[in-house]
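Two complexes are shown next, each including chain A; its partner changes from chain B in the first to chain C in the second.
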Partner chain A sequence: MIFFFLLPALLMIAIFLFYPILRSLYKTLFIAVHNINPRYVGLNNYYKLLSDPVVLIATKNTFILMGAAIVFQVGLGIVLALLVDMIRFGKKFFRTVFFFPIVMSAASLALLFRLIYNYDSGLLNSLLEYFGYQPVLWLDAGKALLMVMIPTIWQYVGFYFVIILTALTKIPDNLYEVADLEGATNFQRIIKITLPLIFEDIKVVLVLVITGVLRVFDFVWLITRGGPFDSSQVLGTYMYSTVFQRRLFGYGSTIAVFIIILGIVITAVTRKILGKRSVMIN
Partner chain B sequence: MNRIQDYFERISLSKFIIYLVLIAWASTTILPLLWITNNSFRTTADIVNQPFAFPDSFNLVNYREARTRINVLNSYKNSIIMSGTTVVLVLLLGGMAAYVLARFEFKGKAVIDTLLVIGLMIPAFVTVVPVYELLISLDLVNTYLALILPHTAGNLVFATMLLTAYMSSLSKEIEEAALLDGANRWQIFRLVFVPMSRPVFATVGIFTFLWSYNDLFSALIYVPQQRVQPVTVLLSQVSTQYGTDLGLQATAVVVTVIPVLIVYLILQQQIIKGLTQGAVKG
Partner chain C sequence: MRKQVLLLLVFALVFTGIVVQAEERVALRVVTMFAGADAAADAYQEAIEQFQAANPYIEIIDESATFDDSVKVRIENDFAAGNEADITMYFTDAMSTPIVESGRVLAIDQLLQADPEWANAFSQPALEQIRYQDGKLYALPITGFYEGLILNVDLFTRYDVEYPASWDKLVTAIEVFKENDIVPMALGLGSTPHYQIEHSVLKVGGAAAHGAGLAHGIHPMWIEGLKNIKELYDMGAFQKDTLTQGWEGARTLFKQGKAAMIVEGSWAIADCQNDGANTVTMIAYPKSGPLGDGTDMIAGFTSGMYLSKEAYHDPEKKEAVLRLYKFLTSKEFIKKIAEANGGLPAAKVTPARLTQPYLDGLAAFQAAKHVCLPIDAQIPRPAWQEIVNGIAYICAGRKSPEEVLTAAREIYLEIKRQ
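Moving on, here comes the complex of A and B:
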């Protein structure tokens, strides 16, 4: 009787999560253009992957994005939360406004950023021209990665800000009162009391940021399609274009498997560094 | 006297800087929206000629185009049907599974727990090719089910875990009383567990809806056709098909962002809680 309750959920998970993983692994052993007449090639797709310059660029970009996300998402999240915690008026306002971008879809925001970066009458070039400068081609090979990283990072700052702010409000006031009696400065208070007390929450945020980077797709795909010349490619966009534009189903699956392996390694390393108590999301 | 004056000046100066920083960040989330809303009331020619001018009149031509040429309303309908059904299925199947996992001991439970933890780490990149094959063979691509089924499975793992944790913490007295009264398992689930777990159902529901509504990657693959495409896919097409029509693009951003913002402003507390708890607790 109780299995009737469990069965539908288990079936869904088995069919749409676990079977696909095994099937993906199997598909990496084939060349399957357009997914017809697959030809067995052993480990050739993996050799190809290891010598594929675009995989190298995409992996490098993913790590650059990860570094920037750690510095700016976690850093700005903490700084903004500390500042909002210090003020009396407008706390709720800033919380509301900082969280705006998270509820909007990356698809809408990506279109917004395309209009900001647009060569003709984009927001940035309009500003430049207004102040008498020449317009700039924002999405060229040299700047494209930076230009897709900005919205990707910006969108979620408010998310980590809320997590840290929630942690800050749980710190009992009497700890600060003692510090005041001892004559501690604001800076000392933050370094000696606040940060150590929210360290566990910062670790949670770090894990979320690091594992989130591997799922980046929307902004890159919609703003640059990974280009020009693969300069802003990340693994997700490369996998998508390999399967659904170049129609290489076997090789695309190999890239997907690579994403999972990279994810497992990164998660393991993060856990090792930050200790056992860490979290995952879907 | 002088020292006291200094003290107050220092305080107000630091407060001033704090507010300056907070307002600066708030501007990044507000100003682009104002800029794009302004542009949505202007023709492309106006935008190019005078990027920062206000509209001469409330020109609704872009909005008419959004309704007729890109059929925004249809995409809204699709998004709400698909994401809504996903939420209902996730809550129903996840709730049923959670009830069993929270209350019964049976052989294989440890295996299921382990599988759930693994399932949490599977990104859509790895499942997408086999699921696409499966949907083709079932002739489901470009139907609502093509997105509903994978989205349900993707959120089910996380939902089941969150619901199980909550249901295990519920006291057993009421259900024991209900059992004595002769209630069957289904009645206990529906009349005891569902009402008592309402707060987590709300959290999971909000998280699932926004996740599903904002997802682009799966939607691009499973439901790309105009008849069934959700809002995110529509946006990705507007940017390629109407790349030079700045007014229409601005309007597309506005009509997809504003309703979400309004819902967010009404349900703010629950949404912030749902999204951050959803990620942190996992």
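Moving on, here comes the complex of A and C:
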């Protein structure tokens, strides 16, 4: 009986997720400009993918973004959650404030950051000029990736902070009371009790961060469009520009399939590395 | 007497029933680019409301939108999937391939022949310009455009700079504006160098070179044209962050009075005036070198109204869709749109109430020795996008124009094998 209740959801996922994925997989075998008159080319799109220098740059940038997201989104999320968990008053206030960027549209935040980075009359350059410094080209090839990483990472810190904070509430107080009686310092409490007990949640957060990075699009597209010279290109934006600007549907689908494969491989490797190191609370 | 009254009543009831049945509501989906910040958006809305008031049985589901890349792809995919609107305004140049090849739009020739009054209202050159490669008309033109150099007259007056009618004057203008911390030319080199590419190739190589395409190799003047953009970039003609800017950023800079010139089309004049904050004019882009011509302009008709074959052959929709289609391609509608956006009317009408910048632009258009369609109207989109993406690389010296054009031609040849 329960099986029938699951069917509608399964059907929706099959129609709107698995069918498009299979369709994309099929399209990778064709050259289809404007999505019409496809010509079968076998695995040519995959050979092209392997020799495409922009795919290499986009993959490298995606990994850089992933590393930064793991360090800053998960790291800051944990630090902020631990700090907020320690305070007696204002927990709700900090939870709301840190979570707030999540409810804002990524597109509007990206446009806001675009204005902040603008060379002419941007916020940063206006401040620099006010203090007597020369304006800076914030979105040049050397800094563009960093500049798009800042809002991309910043927006989701609050999301992971809330997940970790919720996990912290599951830890029984008596464990900390015993630690206090044993004379443990705050640092020891965190290392020996808190982190091991929320490790399962951290693992989930890590998987979410990794898969989330593979979907990054809006901030990069709206701030730099992957430029200049593809220096801030990520796989999501390259796939979009291949399909929507260059109208190469077959090759765009190949990039999409590559993203899916990459996501599966990285998630599997992450789970393998992290293993089953969780601690059960009895 | 009573019988006669009763009979009359019955007759009236039956007649009313027939009329009500005959005027059953028909819903028609329409897609145009007259939306958002488009200068003709209000005029279009007004016309649609007039049409609906006169034809209450037709419900118009207006899906008009600003045509960014995602909307264009959505329209193309709608045709590929058989989900197209009943009437669609879309491009008639190289971008028309997915629409026409879908086999879902009606060839209009016979309809036009059957209605000489409707047909004769169109400007013949406009019709010829949007004729498909198989010799048939699949769309009817509404509005055309001309492109050129839009100048901020206030800045030219303030700094006593002569209008750049020649290359030397353009260089002088660039120098003067740079000295005064004004961006000489606003341009989004990063994502929309389109108009600059067209003008640089046309004004360096001339009309024949501009129309050479990629079929017979790479025209040397295309290489020189792209080098000309780098020359301007090295000169500091564009804003500092041009490599990550698009047309929106460039236009904002111009609208704010921080840039003196912008290469744009007639559709942008209204926006560039920024509600009267800027006094602007449009001139032909100056020539560079002996082969270009100072008067030549990029202009023409590259869009039109398509009629869905399915809607036309649907007995319940046929009359209504044809009525709306004729309305949207009537000379009255075309005149209304031309008066709103200052573009070239596709019918034999004279737009009234045009302001000075439009009159200047039209005068430049009429004085042009050659009128050319944009390069992207002539070559397939993937090849064109390769050139567009390559401009930032060329300007920064990371790729040569030859490399970029060779890559574009390879894509062109690959597509032609399709």
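Here is the rule we use: the second predicted complex is superposed on the first by the 260 of 282 C-alpha atoms of A that agree within 3 Å, B and C clash if a C-alpha of one lies under 4 Å from a C-alpha of the other, contacts with A are read in each partner's own complex, and residues count from 1 in each chain.
Keep this in mind: a residue touches a chain if its C-beta (ideal position, glycine included) is under 8 Å from a C-beta of that chain, and two chains touch if they have at least 3 such contacts.
Given the structure is predicted, the values throughout are model-derived calculations rather than measurements.
*Asks:* Under the superposition described at the top, does placing chain B and chain C together on chain A give a clash or a fit?
*Replies:* The answer is clash.
*Asks:* Scan A:187 for contacts with chain B and chain C and give back first, second, both or neither.
*Replies:* A:187 contacts neither chain B nor chain C.
*Asks:* Look at A:6 in the shared chain and tell me whether it touches chain B only, chain C only, both, or neither; answer first, second, both or neither.
*Replies:* first
*Asks:* Quick check for you: in the superposed arrangement, does A:97 touch first (chain B), second (chain C), both or neither?
*Replies:* It touches chain B, and chain C stays clear.
*Asks:* With the two structures laid over each other on chain A, which partner does A:137 touch: chain B (first), chain C (second), both, or neither?
*Replies:* After superposition on chain A, A:137 lies in contact with chain C alone.
*Asks:* So in the superposed three-chain picture, is A:119 touching just chain B, just chain C, both, or none of them (first/second/both/neither)?
*Replies:* Second partner only, chain C.
*Asks:* Under the stated touch criterion, name the partner, chain B or chain C, that contacts more residues in chain A.
*Replies:* When the residues of chain A touched by each partner are counted, B comes out ahead.
*Asks:* Would you sort A:40 into first (chain B), second (chain C), both or neither based on which partner it touches?
*Replies:* After superposition on chain A, A:40 lies in contact with neither partner.
*Asks:* For A:243, is the partner it touches chain B (first), chain C (second), both, or none of the two (neither)?
*Replies:* A:243 contacts both chain B and chain C.
*Asks:* Touching A:229, do we find chain B (first), chain C (second), both, or neither?
*Replies:* In the superposition, A:229 contacts chain C only.
*Asks:* Of the listed stretches 81-89, 99-107 or 135-143, mark the one in chain B with C-alpha atoms clashing against chain C.
*Replies:* 135-143
*Asks:* Give me the intersection of chain A's contacts with chain B and its contacts with chain C, in residue numbers.
*Replies:* Comparing the two interfaces on chain A, one with chain B and one with chain C, the shared residues are 35, 118, 120-121, 243-244.
*Asks:* Could you list, by residue number, the parts of chain C that touch chain A in their complex?
*Replies:* 69-70, 72-73, 76-77, 80, 97-98, 101-102, 183, 190-191, 239-241, 243-244, 246, 249, 253, 256, 258, 380-382, 385-386, 392-393, 396, 398, 414-415, 417-418
*Asks:* Once bound in the complex, which stretches of chain B touch chain A?
*Replies:* 14-15, 18-19, 21-22, 25-26, 28-30, 32-33, 35-36, 39, 47-48, 51-52, 93-94, 96-97, 99-101, 104, 106, 112, 115-117, 119-131, 133-134, 149-150, 152-158, 160, 185, 189, 210-211, 213-214, 216-217, 220-221, 231-233, 235-236, 238-239, 246, 249-250, 252-253, 256-257, 260-261, 264-265, 268, 271-272, 275-276, 278-282
*Asks:* Inside the complex, what are the residues of chain A that reach chain C?
*Replies:* Touching chain C: residues 31, 33-37, 39, 118-121, 135, 137, 139-141, 144, 223-225, 227-229, 243-248 of chain A.
*Asks:* Using the touch definition up top, name the residues of chain A that touch chain B in the complex.
*Replies:* Interface residues on the chain A side: 1-3, 5-6, 8-10, 12-13, 15-21, 23-24, 27, 35, 76, 79-80, 83-84, 86-87, 90, 93-108, 110-112, 114-116, 118, 120-121, 123, 126, 129-130, 154, 157-159, 162-163, 166, 186, 204, 208, 214-215, 217-218, 221-222, 235-236, 239-240, 243-244, 249, 252-253, 255-257, 259-260, 263-264, 267, 279-282.
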